[in-house]
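Each structure below is given as structure tokens.
Two complexes, one shared chain (chain A), two partners (chain B, chain C).
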Partner chain A sequence: MNSGKNFAGVIGFFDEPRALLEATRQVRDANFARFDSFTPYPVHGMDAAQGIKRSRIPYVTFVAGLCGFLFAFWFQYWTMAVDWPLNVGGKPFNSWPAFVPVMFELTVLVAGLSTLVAMLYFNRLPNVFRRGFDPSITRDRFALLIEPPASEKEATEFLEQIGAKEVRAVYAQGWFE
Partner chain B sequence: MTTSEITHYTPDVLVTGAKTLADVNTDIAAPLERFPGKIWWICFGVALGCFGIGAGLATKMFMTGLGVLGLNEPNGWGVFIINFVFWVGIGHAGTLISAILFLFRQKWRTAINRAAEAMTIFAVMTALLFPVIHTGRPWYAVFWLIPYPNQRDLWVNFRSPLIWDVFAVGTYFTISLVFWYIGLVPDLASIRDRAKHKLRKFIYTILSLGWRGSNKNWSHYESAYLLFAGLSTPLVLSVHSVVSFDFAVSSVPGWHTTIFPPYFVAGAIFSGFAMVVTLLVITREVFGLKNYITIGHLEKMNKIIMATGLMVGYAYACEFFIAWYSGSSFEKFAFVNRAFGPYWWAYWIMAVCNVLVPQVFWFKKARTSIPVMFVVALFVNIGMWFERFVIVVTSLHRDFLPSSWRYYVPTLFDWGITLGSFGWFFIWFLLFVRFLPVIAMSEIKGVIKEGGAS
Partner chain C sequence: MTIRLNRVQNPGTFDAPAPFKMMLLTFCVLGALTFAIGLSVSPTRAWASFVHNHFYFMSLALGGLFFASIQWLTGAMWSAPLRRLSESLTAYLPLVLLSFAILYFGIQSLYPWSNPEHVFGDPILEGKTGYLNTGFFVIRNLLGLAVWLFFSKVMIGNSLKQDISGDHRLTERNRSLSPVFLILFAITFTSASFDQLMSLDPHWFSTIFGVYCFAGLFYAALAAICLLTVYLKSQGKLKELVNENHLHDLGKFMFAFTIFWAYIGFSQFMLIWYANLPEETGYYLKRMHSNWYYVSAFLLVGKFLTPFFLLITRSAKRNSRVLAGVAVFMLIAQWIDVLWMVQPEFFSDGPVFGFIEIGVTLGFSGIFGITVARFLRKNNVVAIGDPRLAESLRHEQ
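Right after this comes the complex of A and B.
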């Protein structure tokens, strides 16, 4: 087995999402500093059970969308009215209604791409050097990981006590965080 | 979660056959791990052949010039623009299913959203070929379309709908691709974890970005997914609106109408759903996914086909009313000429296929019959292609100067390159069903569990 310094926590497996929800609440109430659950699909109520705050991605999306909007207006104004004023059918140089479609599209484009980047950043992805704990997690099993500073013994005992079907210690591999 | 929330969804409606979570992986991922069967190779060969014909003719066209097409004054636009609008329209159903039905919490979308979104991406890729090759010098086109500092010291004209189109379709493609890929990540991780072969494991490890199903990740993931749905909803409505501006902003009678944006969007969803039904009827049969893509799913899509078909029918009628009510003699002429002029046959193919044929869906028996819906979907696809033919060709072929009137006939190059575009689309779709899960496994699992007693 690996040395103690690679110890990454103790993982306990459950068969049912409800059992996992209940177990997660108990782990949270027992004041373990770091823990996370692993599920094949997003289980509703898990964020509350784990005490996770609402994702901050919407703020990123909003600010990015606003930047895209303003940039699109500025850029169209600058190219059409300042850098090379172009007379099209006698319309004013700053014919802003004609700029609206591109302003909308760039709002969505910048907001969307920023949402992607923010999601990856908050999730610490991509990280292909990191291995899944168990192939069954992306299939049909539900797992709960108690991470250090909890000791191996303490975490194992707690997980067994709250009804985990299988409990084992896991060790860091590659860029494991 | 409270009990009342759960009872809305019964598992046998969305997924039949008493499937467990593990069954979902086996049923959906297993076909990807087998060597493709005979049917797949035949289809792939045919698609490749069609694409080859189109690519060959396109090469010849680049060498000779656009004169080989049926285009001539006053028909500056022809089959290529028809195909562009047709293929962009096909894509709309995918985004409607993935984004709008998601915001409306329509759980039945989970079985069909992956394939429909894939269809969107491939359809937009196909659509984008046409404006580019229509320039005749595609290797320059990219420089004309994108505003960047250049030695000519010129910018693109942002007051032109054609430039709006570049931004609209470009954004649509990018956002659809990202939305689709985000949805794929958990499923790619499932396939990675199932993989036995080293190379397969390596490829899917890279593709799945290191996804582990952590709930901290799911939390951000769901937030991002919701935002993408929120961004894609106005986007999909805007794309075909902007495409319709290509016509509506000009002053050609028959094109210059304010009804175009909603009319185009309804038509796009209409044709897109017909294509989804066509593709899924085949996919569920070939891959044995009848428990996931049930008759219930197909029936719901058929209802949408009928509803949007009625909207399109209303738009056809409305155009005629406004042409008469406007009192403009040119406008009146354009519409009488459309229905009773030299291209009467195209108009009535369109009207019969799009308005009359979908009426069979008033009957539940027709809505739930696979052969009937397959035939209706084909009719709708043909009808919607002719709708664009009618709009593009009949409005142009008799312009203000009768001496330049002409009867536009597409040439072998027009038809061959059109065939090639179908080949190109099906090449991508066939590769998709081989290498990626055609159903969103992680979403289906959520639906099964919510309905199941646990």
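Right after this comes the complex of A and C.
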């Protein structure tokens, strides 16, 4: 099992969130290319400690919402005033107030669905090739995973040096192995 | 690891700069003078401007009480350092009684239903006399005022008492009182907006009108709270207490209720426009033709779209200068919205804006400013005894 090709990184465990935050900062500053932190609950300041930039999802949401809005207006205008002009209560064919509810709905629908898709894309989800490293990180422990290209020796030494309580190499395991 | 939870530096009271207070006092005098002159030159304009500003500043003061009570009701933590500023707006409430007493003498000039000659022979207005008559009008308004004054006295009294005792039971008491107030507020404020603004045209009715006025009330109150917060922060009073995360939350509130106002305003408009019933559509006919068209367009572009796009980004909501600028703009936009509700009933050609309108507005803003400044001079600018204050200082998004 412990063959080199399945090596997925080195994981270090910490007992409390502040220690993990501090360790994460050190890993960030040591310029490891790929690493991740695991906590049983959200920890404030983790984004900054990991050096994660602001998400780009809001821009996707905005542009998608705008597209939905414009599409809904154009489509209603085209159907009601161009393709099949319909006299409703003597109002002008292009009666924009009547279009607003549909414009609003499509804005929200397109923006919402695009946000979901963008979120999955940016998070590289769904990912069925990864399994939990240790059940304790969903319960009461805090873990830090340093992934390749860092070598096993390099990562192990660094994690031990920054005070991880337990350090071990992990190997890729997946449901579809 | 030690976290000291109870060490919050009390910023104390705030005394407004003397020139500012002098300016407010001048405004009051100017306002009283212009109103007196206006009554003799053009009573319609003077009274229209009076009811406009009466309603605007009453809403602002009530908005402060509304904001504070939803914080108590929900047990909000984030707002603890700025809740006192929303309480300070209610200092104007007792003066609403005075301004309503003055309004009493304008009923004849403002409300067609109070004129028997106008009502006689009009079957619709005759049918409404059971509700729309001077006696009942005064009773309804005084009842509403009594409710607001009672709850502001008790709840804000509790909050001020807590500054000294730090007793958390006072917060719990306010939490129990808040839902009672909020339910009564919904009823009394709806009735006040029906009475004071909607009955300017006694033929017209819109069941959503109270909600529309409420949307404007909260829109303006949030802007006023934001402006006070940024101002006191710039004066060094809230430096340690309010950080950009608090401002961000306030900005989100302003953004959300900009949308809420537009949603309610459009709901009222679209149903009337779509159904096109003669008894309902007159209200919008007056406002969609002549120069009123441009004011209506301003409400869409200025009151909704401008704050919407200015506040949409995260960085804008965390920037106190941007927030303060938008807050001033929102306060003006709400003032124009109330103008748009009042004036078309008297001036069909377009908005009338001259020395009477400016003077009366200055007068009201002077009185409002003085009462708020007096409140902040007498009381701590932060609810220093609030059990959630210490936690709120570490507020993070």
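To be clear about the criterion, the second predicted complex is superposed on the first by the 172 of 177 C-alpha atoms of A that agree within 3 Å, B and C clash if a C-alpha of one lies under 4 Å from a C-alpha of the other, contacts with A are read in each partner's own complex, and residues count from 1 in each chain.
One rule holds in what follows: a residue touches a chain if its C-beta (ideal position, glycine included) is under 8 Å from a C-beta of that chain, and two chains touch if they have at least 3 such contacts.
Because the structure is predicted, anything quoted here is derived from the model rather than measured.
Engineer: Taking chain A as the common reference, can chain B and chain C both be placed on it without clashing, or not? Answer clash or fit.
Structural biologist: Overlaying the two structures gives a clash between chain B and chain C.
Engineer: Go through the superposed model and pick first if A:99 touches only chain B, second if only chain C, both, or neither.
Structural biologist: In the superposition, A:99 touches chain B alone.
Engineer: Spot which of chain B and chain C makes contact with more residues of chain A, would you?
Structural biologist: B
Engineer: Can A:111 be said to touch chain B (first), chain C (second), both, or neither?
Structural biologist: Only chain B is touched by A:111; chain C is not.
Engineer: Under the stated touch criterion, which partner chain does A:44 make contact with: chain B (first), chain C (second), both, or neither?
Structural biologist: After superposing on A, A:44 lies in contact with both chain B and chain C.
Engineer: Please work out whether A:76 is in contact with chain B alone, chain C alone, both, or neither, and reply first, second, both or neither.
Structural biologist: The first partner, chain B, only.
Engineer: Kindly classify A:157 by the partners it touches after superposition: chain B alone (first), chain C alone (second), both, or neither?
Structural biologist: Neither chain B nor chain C is touched by A:157.
Engineer: For A:18, select first, second, both or neither according to whether it touches chain B, chain C, the two together, or no partner.
Structural biologist: Both partners, chain B and chain C.
Engineer: Which of the stretches 309-317, 345-353, 381-389 or 417-425 of chain B runs into chain C once the two complexes are superposed on chain A?
Structural biologist: Of the candidate stretches of chain B, chain C runs into 309-317.
Engineer: I'd like to check the shared interface: which positions of chain A are touched by both chain B and chain C across the two complexes?
Structural biologist: Dual-contact residues (chain A): 18, 44-45, 54, 58, 91, 98, 101.
Engineer: For the complex, which residues does chain B have touching chain A?
Structural biologist: 1, 20-22, 25, 147, 153-159, 161, 163-164, 167-168, 170-171, 174-175, 178-179, 182, 186, 189-190, 192-194, 205-206, 208-224, 227-228, 231, 234-235, 238, 242, 245, 442-443, 445-446, 449-450, 454
Engineer: Spell out the part of chain A that touches chain B in their complex, as residue ranges.
Structural biologist: These residues of chain A touch chain B: 16-18, 36-47, 50, 52, 54-55, 57-58, 61, 75-76, 79-80, 83-84, 86, 88, 91, 95, 98-99, 101-102, 104-106, 108-109, 111-113, 115-116, 118-120, 122-123, 125-130, 132-133, 135-140.
Engineer: Under the touch definition given earlier, write down the residues of chain C that touch chain A in their complex.
Structural biologist: Residue positions touching the partner: 1, 266, 269-270, 273-274, 276, 312, 314, 396.
Engineer: Per the contact definition, I'd like the list of chain A residues that touch chain C in the complex.
Structural biologist: For chain A paired with chain C, touching residues are 18, 44-45, 54, 58, 62, 89, 91, 97-98, 100-101.
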